Amino acid sequence: MTHTQETPLLEVRDLRVEISTKAGKFFPVNGHNFTLNSGETLGVVGESGSGKSMTAMSLVRLLPKHAARVTSGSIKLEGRELLSLSRSEMRKVRGRDIAMILQDPQTSLNPSFTVGNQITEALRLHAPGPRSTLRERAIEALRKVKVAAPEHRVDSYPSQLSGGMRQRVVGAIAISCAPKVIIADEPTTSLDVTVQAQYLRLLKELQEDTGMGIIFITHDFGIVANLCHRIVVMYFGRIVESGTVERIFAKPAHPYTEALIAAVPKLHGHKGRLRTIPGSPPPQSEQPPGCPFAPRCEMADTRCFTELPPTVDADGDGEHLASCWRVAGQ
Amino acid sequence: MFYRDLYIKCTPKRLLAAVLLSGTVLTAGGLTNTASAEEKVVVAVSPLGADSNLYWATTGAFIFPSMQTLVGNDAQTGKYDNSQLAESWEHNEDFTSWTFKLHPAAKFSGDWGPVTAADVVHSFNLHIGEDAKLSGISNFRKMEITAVDDHTVRFDLPNPTPNFLFSHAGRGSLVIYSKAQFDAEGLAGYEAAPAGSGPFEYKEREVGQSLTFSTIADHWTGVSPEFDEIEFRWVSEPSTRLAMLSAGEAHAVTLPRDLQDDAAEAGQKVLSSSEGAMQSTMLFTGQFMNPEAEENRDARTYAWADQRVREAVNRALDRDAILEVLYGEGVRALPVYTMDPRFPGFSEEIAKGFDDAYGYDPEKAMALLAEAGYPDAFDTPEIPLVVTSLAGNPEFAQMAELVQAYLDVVGIKTQMREQDWATGNTAIRGFTADFVTPMRNAPVRPSALGVQIFFTKHASPHLDIGDPELNDLGGKLISETDPAARDEVLKAMFTRIFDSYAHIPMATVPASVVVNGDLVEGWNFPGASSSGLSHYHLIDLK
Amino acid sequence: MLKYLSRRIASSLFALLVITFIVFLLTQLSGSPVDALLPDDATQEQIDSFIREWGLDKPLWQQYLTFLGNAAQGDFGTSLKWPGQDAMGFVLDRMPATLELGGLAILMSVVIALPLGVAAAVYKGGSIDNGAQIFALVGQSMPSFWLGIILIWVFSVWLGWLPTSGMGSFSHAILPAIAIAWFQISALARLTRSAMLEVLDVEYIKLARVKGVSEWSVVWKHALRNAAVVPLTYFGILAASILTGSVVIETVFSWPGMGWVAIEAIRGRDFPVVQAVIIAYAVIYMISNLVVDLLYVVVDPRVRHG
Amino acid sequence: MAELHLQSHRLQNLWQKARELPLLPIGVLLIVFIIPALFAEVIAPHDPYVPNLRARLQPPVFFGGTWDYMLGTDRLGRDILSRILHGAWYVLAVSMIGIAVGVVVGTTLGLIAGYARGWFDGLVMRLVDISLALPAMLLALALAAAIGASFLSVVIVVGFALWAYFARQVRAEVLLLRNSDFVARSQVAGASHLRILFRHILPNVMNTIVVLATLQVGIAIMLDASLSFLGIGIPRPTPTWGLLVSDGRDFIATDWWISFFPGLAILLTVMAANMLGDWLREQLDPRQRQI
């Protein structure tokens, strides 16, 4: 938790997002703290509804209008506070400094425009140039994401491409402006396993080439293990555990993390029954006084139900944090 | 860059823009300034049956102040006068030969020369041509016309025709066109701008919209209107016409009767023709008075084949109340349809006996029905009352609703049938009609013409009610020439119709026009033309 | 593309053929022209010569074939109400008036409805949305002739701003165009709104925002381009209903277009013109649909390449 | 299958939402439309048909009239309120039957055309073209001339005017749906065409049908009014609202109440029906329920 001399690429402090509905207020992002360095991949893991996507959208300040807003905290990109930028300044950050890859390749490309058009649109906004140059750069971007015959594909419409191809195009859009950070929000969930693996390899290669930071959002610990350097685990709008991949896999501090890891099918491990976590998270509108995971936790005691556990340093070196009475109480 | 890109590539936008642009251009194309003459009188009327410069090609609905007929009508009394082309006329003893002398000063507009007998003969021949659709033109086909000299024409008729002047006056069948213009330009000349001899000159026609005439200075009749131009606008919606009047866009408009009250309340002036112009009635269809079986159906299947039923229908109606609702106060009830005090055959006795015989008496009506074999209620199928809103007579619908309500009280069930004119006529012509017809609203015409058309087989066989007595009398009327004897025959016919309750007479109604009180002082017209309007030069502006 | 177009034209022609048949039948079913065109007191010989002249004594199929043959050459006979006028020629003469009114009405509907619908969708639940909804509801809830008459009284008689009726300057077209457009504005705004709402929720809109595209461009380029397919589908119907609406509105405003001709001709039993005007309506409708089909292809690449 | 699940879930939800029913439109519909349509005989203060010539043109109560004729009387002295109340039934019958005809014919043809494609699709689309290309008003005029204007002819015209809209829209949606995954899955699973059409596709186009049908309530009532304007509506003396507005239209500037109140009845009814339709759509349409 100590500030290093070097400014991290992205630094999120005490970020809190509030959603107010008729049913009441709740916080899908509740006091997040994490950092991302250049060339690093940060995995954000959690079940659906844990606030992962909301975290991603709050980083680019694209929360659903009216319904959700950031109430406190700070997001610093290379030391620059994003939350205090004007709307047009923020628009310049999007796509140029922070790019995103969305979940669903089926719907994340606009069916009315050609692939090239959609790539150059970002370029036009952030790095204008003559038409022919833009087109060249779009083709270049496609080539980078290993799209075959990019000169040809650049004039295709999304409906003419396969799902994997479309997701590559989304990737091409993301990298076209050479962003510093890419947020990938479950980019592979709707792809089949082989395509998924290719895609992840591609991301890794791109990162090695450009040194960008990647925030990789997923519910799948299996992917995280191969791809990420560090992990934050989210549950019910809170970061319950964070640390390096090695630490967390070796010694998960939070029972939830443990359960998630146990849910990953092991290719070479024992053939035991796949574990699933019993129960489901509490409804968003109910804010339990204690640890939100307590009702599903096999190790919960009375304090877990009544008091929110503090975030503590699990290993004593600041590289592994967790919010659990089991750790805090030690 | 970005925008040029958009412009070149996004074709739908360009297409849409082109479509919209063309709409705007078209719209702007219509942006012609309506240069209105300083003194232009605008008269809005409901569209005529035909939009044509050729009188004979219409069925008679025609507004053309530039054209003249042979005989005129007095603005006050409606009596025939020599205000049109004929200076004087005479006929032989048995009314089979009529001679007209033309005004020597009469001339056509636009340098087409004086009006001569040759023009009359020429026009006559046009009128009886193949394409003629004029009402009553069939009689013309049997006549011979001779130009006696330059300013004298003679008509020789096969039958005695005491009412011949009617064919030449306001509702006449012969309008005089210029032969010189025809020889020079042919029909196309008429279609473009027919020369006429009236105090106005044809200016232009916007098909479906308007017809404009300009005033002639130093007209041969000495008539000099107060204004430079008169424009007739065809506007179907009565409320739109009233709006035009209220907005000061029109000087005068025709309106349905009940809207006239409203206009009067709103401060407009209602001007009525000096004489009754229209007669309204309801007619039973079929040869219900034929004692023999009718051609296609048994006459007795009509409920109204029974005179008691017909009387009951007439007795059930409170005419005073109905007429007040429909036409306002001061409209006379009509004792017999086609009878009029201005024409031969008028019977004082009938007029006096009307209240006794036709007066409102629901008890009597019910008693009659009971006597006729309908003790509790009228158990035959409902009598269809035909309503033709499409024909543009809004008061018919109200009349029908009122009649229905009154008949309902005495137990006669009716059913309103919305049906267009042609369908009804087809049924009547095919002798399959089974209804009480539209409330005929026909122009007043000489009794001898009307009674033959609507009650006997002699003029229009399909309207014959099948009464042998009436048909005999009608036959006599055709050959009778002695005025007194004709009068007697007509009286006998009217009495027969009256006594046998052969129809449901309603009222004689003047033609009327509503004028904007701020613009128009007054206007005298006799109500003797098909539109009811005439004598436009008498429009008196403020 | 050319093949697609020619197929569409061929099927339109087929539809047109069926329509000529329906038109012919309907005019046969209604009262005989004899009774409509001749005066009450027409004599038998007048009637007979009329029947011969119009070929009404021939069998029905023969009359239809004659009709069809002539119609194919644009010859629908001569008008009876407007003597001397060629029926189709007369209708075509009135067409610009209707297109002017219809064009203006379409312009008004698109110019007002599209932004209104888009704004309502973007600010869903806000005051613009509520206002647009109420506007749309009121517009769809008034009989057009009633609205027309009210417009005349308010704007022409009481305020004196615009002429009551007739055709002439541009100002004459404003009231009738509003009367026709109002209902369409409502319908179009509603459709645009719901289509936009659907599109605005889709991922590619999110992606566009993520790319740093401005909100304006997100709405008007990315969203509308995709949402436009729905209002565009409606465009064909819009054209049809504006034509239909013109029948009533042209009568109220004495606007001498095709709708006015249709009513006057039917009232006057002017069969040649009735037939010509219905066919003309059908042709306009089909052409506008063909245009919509083409626009479809241009707007939606899925159709083009699908 | 997921979609199916969603559907039933949505319907359940609808019942749960019953507590949040939009009271305003429902209330307006009941008061202005449904109750008058069913109970006019009981609640109308006067006979709607019998003229009372002594009470002609009475203004409404707050404009110099009396409580006896709350909304005034027409030119024959008939109570406007009673006529509106009695007219409601005819308006209800015409719009409901007309729309039902339109929905059943249009949806069935649209479903089959979109699903089966081929010659049947071509035929249906030509029919749609034909029916849209013939202005309903002109057809109505011809029909009225041919078979006479009657309740039946008005219903036929309304149904004729509406079916093509349903057919077109439904077909367009089916075209999109038939290529979607769940249809493909059902086909693979061996479901019959009929089952796919009515169990899988129909529920998914239901929203469109509901939205269109609510739009059509207004169109149907308006068409009825236009027909009355042209004199070919339900024949007199039946006081359909269209006839009342049409009959009173000439007197807008003077005896305004004759057409104003029937017009208001139309306005309120159509507005309420549309509002109710909007509410239904929001409940049924999952895409719009997302925040």
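The chains carry the letters A, B, C and D, assigned in the order they are written, with residues numbered from 1 in each.
Everything below uses one rule, namely that a contact is a pair of C-beta atoms (placed from the backbone, for glycine too) under 8 Å apart; a residue touches a chain by one contact, two chains touch by 3 or more.
Just so it is clear, the structure is predicted and the values come from calculations on it, not from any experiment.
Undergrad: Taking each chain's centre as the mean of its Cα atoms, which chain lies farthest from subunit A?
TA: Of all the other chains, the one whose centre lies farthest from subunit A is B.
Undergrad: Taking each chain's centre as the mean of its C-alpha atoms, which one lies nearest the mean of all protein C-alpha atoms here?
TA: C
Undergrad: Name the two chains that are joined by the greatest number of C-beta pairs in contact.
TA: By contact count, the leading interface is B-C.
Undergrad: For subunit B and subunit D, let me know how many angstrom lie between their CA-based centres, rounded off.
TA: So the centre of subunit B lies 42 Å away from the centre of subunit D.
Undergrad: For subunit C and subunit D, let me know how many angstrom lie between their CA-based centres, rounded off.
TA: 21
Undergrad: How big is the gap, in whole Å, between where the Cα atoms of subunit A centre and where those of subunit C centre?
TA: Centre separation, subunit A to subunit C: 53 Å.
Undergrad: Let me have the rounded angstrom distance from the C-alpha centre of subunit A over to the C-alpha centre of subunit B, please.
TA: Here the centre of subunit B sits 87 Å away from the centre of subunit A.
Undergrad: Among the residues of subunit B, pick out those that touch two or more other chains and give their numbers.
TA: 237, 239, 243, 246, 390, 420, 422-423
Undergrad: Multi-chain contacts in subunit D: which residues touch at least two other chains?
TA: Expected reply: 145, 230, 249, 252-253.
Undergrad: Counting only residues that touch at least 2 other chains, which ones in subunit A make the list?
TA: Not one residue in subunit A touches at least two other chains.
Undergrad: Under the touch definition given earlier, write down the residues of subunit A that touch subunit C in their complex.
TA: Subunit A residues touching subunit C: 60, 62, 66, 88, 91-96, 99-100, 102-104, 107-114, 121-122, 125-126, 157, 159-160, 170, 173.
Undergrad: If we count contacts the way the header does, which residues on subunit C are in touch with subunit A in the complex?
TA: So the residues of subunit C in touch with subunit A come to 125, 202-204, 206-214, 222, 225-226, 299-302, 305-306.
Undergrad: Which stretch or stretches of subunit D touch subunit B in the complex?
TA: That would be residues 49-51, 53, 56, 75-76, 144-145, 148-149, 230-233, 235-237, 247, 249-255 of subunit D.
Undergrad: Mind listing the subunit C positions that touch subunit D in their complex?
TA: Per the touch definition, subunit C meets subunit D at residues 11-12, 14-15, 18-19, 22, 26-27, 29-31, 133, 136-138, 140-146, 149-150, 153, 157, 183, 187, 190, 194, 197-198, 201, 233, 236-237, 240, 243-244, 247-248, 262-263, 266, 277-278, 281-282, 285-286, 289.
Undergrad: What part of subunit B is in contact with subunit D in the complex they form?
TA: Residues 237-239, 242-243, 246, 256, 258-259, 262, 265-266, 321, 324-325, 387-390, 394, 397-398, 400-402, 404-405, 408, 415-420, 422-423.
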